[in-house]
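Next come the structures, one after another.
Paired with chain B in one complex and with chain C in the other, chain A is shared by the two complexes that follow.
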Partner chain A sequence: MATDNTQPGQDAAIVFEPKQSRSAPVASVGVIGWLRENLFYSWFSTIVTVVVAWGMFEGAAYLYDWGVTKAVFEAESRRQCLNTSPDGACWAGIIDWMNGFMYGRYPDEEQWRINLGGVLLIAWVLPFWLPNLKGKIGIGMSAVMVYPFLAAYLFLGGERGVFLNLMVFLAITLLVLNWVHVVLFYLTGRTLTENLVRMTGFEHRPETTHKYPMLALVAVVWGCVYAWLGDWQLELVRTNLWGGLFLTIVIAGVAIVSALPGGVALALARRSTMPVIRVFAITFIELFRSVPLITVLFMAVTMMPLFLPEDFQLNKLVQVMIGVCLFAAAYMAEVVRGGLQAIPNGQYEAAKAMGLSYWKMMNLVILPQALKLMIPNIVGNFMGLLKDTTLVSIIGLYDMLNMLKAVGQNPIWIGLHKEPLVFGAAIYFVLCFAMSKYSQRLERTIGQGNTGR
Partner chain B sequence: MSATDTVPMAPEGQIASAITDEEVIRLINVNKWYGEFHVLKDVNLSVRRGERIVICGPSGSGKSTLIRCINRLEQHQEGEIIVNGTTLDSNVKNIEAIRSDVGMVFQSFNLFPHLTVLENCTLAPMWVRKRPLDEAADVAMKYLERVRIPEQAHKYPGQLSGGQQQRVAIARSLCMNPNIMLFDEPTSALDPEMISEVLDVMVELAASGMTMLVVTHEMAFARKVADRVIFMDQGEIVEENAPDEFFANPRVDRSRLFLSQILAH
Partner chain C sequence: MRKNKLLGIAGGVLAALSLSSGNALAQSSTLDTVKQRGHLRCQVGVPSPGFYQLSQDGTWSGSDVSICRAVAAAIFGDPNKVEFQSVTSAVRFTALANGESDMLSRTTTWTLFRETQLGLDFTAVNFYDGQGFMVPKDSGIKSALELKGATVCVLTGTTTELNLTDFSRQHGLDIQPVVFEDNNVRDDTYIKGGCDAITNDKSSLASSRAKFPDQSAHIILPETISKEPLGPVVRQGDSQWRDVVLWTVFALIGAEEYGVNSKNVDEMRANPPNPEVARMLGVEGDLNKGLGLSKEWAYNIIKTVGNYGEVYDKYMGDGSPEGIGIPRDGSANALWTKGGLMYAPPFR
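Right, the complex of A and B next:
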């Protein structure tokens, strides 16, 4: 524009001509540029770089030597390992004890139940990753509310009470229906409920009656499952036999699943305007946060039975789980509260001004935004929980850490301490790293609309 | 509900008003304190259906507090507030019912950033009024068209300009089909070139007969749509007057000073 603005009779304006862009100097781009800028920008940084690189190389070389080149993979005992290669790792012991690391002292012939529990869990949550699927909330709810009963029975076995009977068959029913829903959805583009409503001719009835065909279907499938599996029973495996990674994941899983709802409830209670609720929440949170987890665990195991009636004795694992859950909820509460505080007041006001009730405001407007902000902290908390469960080894549960330590006391593998711990570290690293990566992905995919507020 | 002949002759350039006799808001001797600070002092006000009221006054005079008391975003301590025939007290159900019939537009838009424009507009109709999704979406599109941004329906608020966001906020309120709209300085967070697009929407809304209470410093808007101008200072209603009277010939010296200050530049 500026160049055309000269009008006749006026002095010609100075014409602006932009300079041509030149390409950047070679030394500042590409690999060489990056190296120069970050690693070798002064003689001091050059020395640091060289020393650190040399240290890292030596360390890696030593580890490779110890763990791969000189390692022994097949041996009968530690003695044999040492005879074969005195300064290599003795992985033979790890391989020999692998079953113990994974399942503890769970009987060999019953271990398929644990594997089945894992497979069912995967089958349950798999639909979450399917694109464009409707009704994921229902699937998620059933996974959190019903699957644990099925898993608990699979792992524990024994007699089923009336309630457990109901829940186990309900779980199987819902798992089947979840997949029927998924298949139908991709075939017809409609949810299971919508299909049912059409098939039964309920579509012309009022909307409130639309749930009846679905309920009827659940009842029918439940009946079929019951008729088919009604007298099926698994052998009882007492919880003192549970152990290894399996036990670690069960404790951490229960804590993780209960921490979020518990934490949200406590955080909301702490922000409540009702003094009784607020004081209770503050007391609970501060109490549990100021006590180390190991103390909570000891309290749970030694003190809790004192408060319970004589004939109602819980086993150690349940006591530990209750302790860990309360502890986790207290920590999570503060994470959630931090997230809630980051939501501007205007969001609360806008939601209220539309006539939303407190719970709708929280569920539809505040928590979805707050949870997204909290993902890094929540996942950090989960990782902490997973690692903290190693503390249950101190009160005599055979979680993975305890199994790892037990190898070195075994007469055949006596003195084998380093390798199990390296192996355990690798397992924990894989689990935590996976969580961390997944959380980063969640952050990117959830609520992509939150650009700029 | 009878339309009456109390409607004053519309002055030049003003939008004809559709005031009825029915009283939708009434404030009787309302007093409010923030701690020791007396924000509202013996405020009395009566608003009839279809009336458009502009509230102005210096910063900190309690304008926002006053209109926020009407949908109980703030709680008053003394006096009585009656909205649509219901007295505001601690009854939560009543408050929610009133809020669903009283739309509010904020200075800072307050759209929900995790929802698309359309979802922002359908949220309350679906969850408060229990409308099915498709019906709520139809209504939402109708109002988005009315505020002239139907093409933005599937964007997120963060992707819109300030003026567009405020128009979405207006549409979002209208989707609840309110009978009263409250505006708290709807244009003061906007760049000058966006102010008019929002004001145009508000003028149209006024022309449709909506009952409106607008806190604003846009005096041209007040002149054009207001049936009554209320001037507040230090928590009191200092002057209530017809807009042409108020601007040409304010009765109270305080209003005169205020007008001379804001019209000086």
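Right, the complex of A and C next:
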């Protein structure tokens, strides 16, 4: 043997010397091995592989040809596109209508308000991704409770009532204080409340009084903001002008934000032992789950006004939002109930044995575990919701889908119907894929430190 | 006309059921409500070339949209004081019955059933449409009666499909219908030779043809196999409001007949060529009183929107770049003086 290096004539004692293992056959390792194992395992799989590869190649080549090589990116009208390249995509129309897809019929000179609303939202949620920051719950609560009022006023404009005045300036106040808190926290290592308590000397007083300096600060800053921006007023943009991706995100956003608390409440109610609450929850959930969303929207928009007094004019968008929120909550309730049922009874019993009240048991023991289990389902539900909002196009709201369809009916771009839909599909894919990836990240980070399950 | 007709009827029945509250709405005058609100709520359909189309900056235009603008101009003197509501045909009558819209101007065919049982009042006809056929030019077909044994692409769930079978039976043509849900798919199939002809309302055929790469290779056959008189619609039971909408359309038609258009209307008002024009433009008499509008109502319409011919040429005709190419001469949409059906009663 080539590898045998024991000398002849030496001591006859047998020394065990392992033979060097032969390397695996070329055909079973590396790229070739992988190919053999997965693509060309038998004659049947070989045929399937070849057919599928050919199909994919042809499809990709056709798409590339249509969408890139032969496509027209600059043209005045679809007729011009057709004259330039009749077999290619006419992306010029998409570029021309981009503003419409994003903002719908919102007036051009007011669109900065939508952008500002988006920037403010990012500024609001940015602290969530900062490491080791305390007080994220407060920031989250302020984002959910007061940001919507600020955003609603930014988008809608017009005159502010007393309540809206209060909320809009409260929102600005809290945004400022959130960031003061973030900066102070990284400088001093203490939260804003703790800093305030120290500075004002409240540390020697009972702990229940520690919130007063914070409340006083909010009031003072609110006053300053009010003095600064009290006369500030935006032009009214009625909701029938809202549209495009902006409208899609507004409706889906409101539904998503309200679905989770609504769903948790309904799910708890359904598992409650109190008969009235349970029957109400079951009726509500089953009623909304057994009718299609389009029926809910239809009822909300066309039938509801018939039952209301004559002068009572509801806003169509608000009607739609109420409908979508109720619908989303009913579906979310069942997802949450599934999560609750996955928690072993021992957890409930242990929590009760420790003397926790019902709400403490839910908040401290059950829901944190259950919500973590539910993340994939919740996000799946959110994606469904985002896509379901296209149904509002049927009742005359100009969401992105309706704008995409309107291009081909405009005399300049008449007949342009494939390209807008391809573009819309791409936008929805980006949004849903981002949500999906974020949920996976969330599962990992929340799962840390609690790997037992 | 238009698709989802059956759904539309279902929606209409719903609207009729709710008539009790529709009547309650009618008790307060629509005209007063509109004036008080400061703008008109006019319902159009989902974008459709020629009739109502959306541009990328969000403005509506088209021949039916012009009717809305004309009514707004008659009331407020400003064609932009309109809130356009664009809903699918399934909801159209419900949205009118529940008071969401003040009027409909959205290619709604005038039929006895709708007029009597859906709580609607039709006003004047502003476009005479009808179902026809389109074939490739090189097929050599000159008349719909030559379509023996042909395959014809048609949209499903519409009266177009029923009209086609009736026509085929009546003339023993043995036409094979190929049904589609979506007109874009139907047009693609036709272009690729999947059927010998397509059938739809002629206005819709014209806008389909406008999409084709080579428009001149297709002709619309002369036969019209159905009657589709289209016009604005209001709620039943408010005759003052109906008069306003009705005479707005008549003002458009009458202005064309008397040669008044948006360019010469000032001159015409300064020295009216005949007493009829003088009365229409509010120089003489007080015709406006019965309508509850200002003296300049017709002047404002013509000044800001134009007369019927101007509107037709801009959006429907074959002359302008925006038009979808439906010739007017010799059709029912020509003035009565030119052999058509467009006729306005006297302004007196």
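The rule is short, and it goes like this: the second predicted complex is superposed on the first by the 412 of 453 C-alpha atoms of A that agree within 3 Å, B and C clash if a C-alpha of one lies under 4 Å from a C-alpha of the other, contacts with A are read in each partner's own complex, and residues count from 1 in each chain.
Following the convention adopted for this analysis, a contact is a pair of C-beta atoms (placed from the backbone, for glycine too) under 8 Å apart; a residue touches a chain by one contact, two chains touch by 3 or more.
Because the structure is predicted, anything quoted here is derived from the model rather than measured.
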Is A:N410 touching the first partner chain B, the second partner chain C, both, or neither of them? second
Please tell me which partner, chain B or chain C, touches more residues of chain A. C
Touch check for A:A353: first (chain B), second (chain C), both, or neither? first
Does the superposition put A:Q369 against chain B (first), chain C (second), both, or neither? first
First (chain B), second (chain C), both or neither touched by A:E207: first
Look at A:R105 in the shared chain and tell me whether it touches chain B only, chain C only, both, or neither; answer first, second, both or neither. second
Where on chain A do the contacts from chain B and from chain C line up? none
Using the touch definition up top, name the residues of chain A that touch chain B in the complex. 207, 344, 346-347, 349-357, 360, 364-365, 368-369, 372, 447-453
Chain C partner contacts - residues on chain A that touch it in the complex: 78, 82, 86, 96-97, 99-100, 104-108, 238, 240-241, 243, 298, 301-303, 305-306, 310, 316, 394-396, 398, 402-403, 405-412, 414-415, 417
Taking the complex as given, what residues does chain C use to touch chain A? 11, 14, 18, 21, 24-25, 28, 46-50, 53-58, 83-88, 90-91, 94-95, 97-100, 184, 187, 207, 210-213, 321-324
Touching chain A in the complex: which residues of chain B? 71, 73, 92, 96-104, 106, 108, 110-116, 123-124, 127-128, 132, 156-159, 169, 172-173, 176
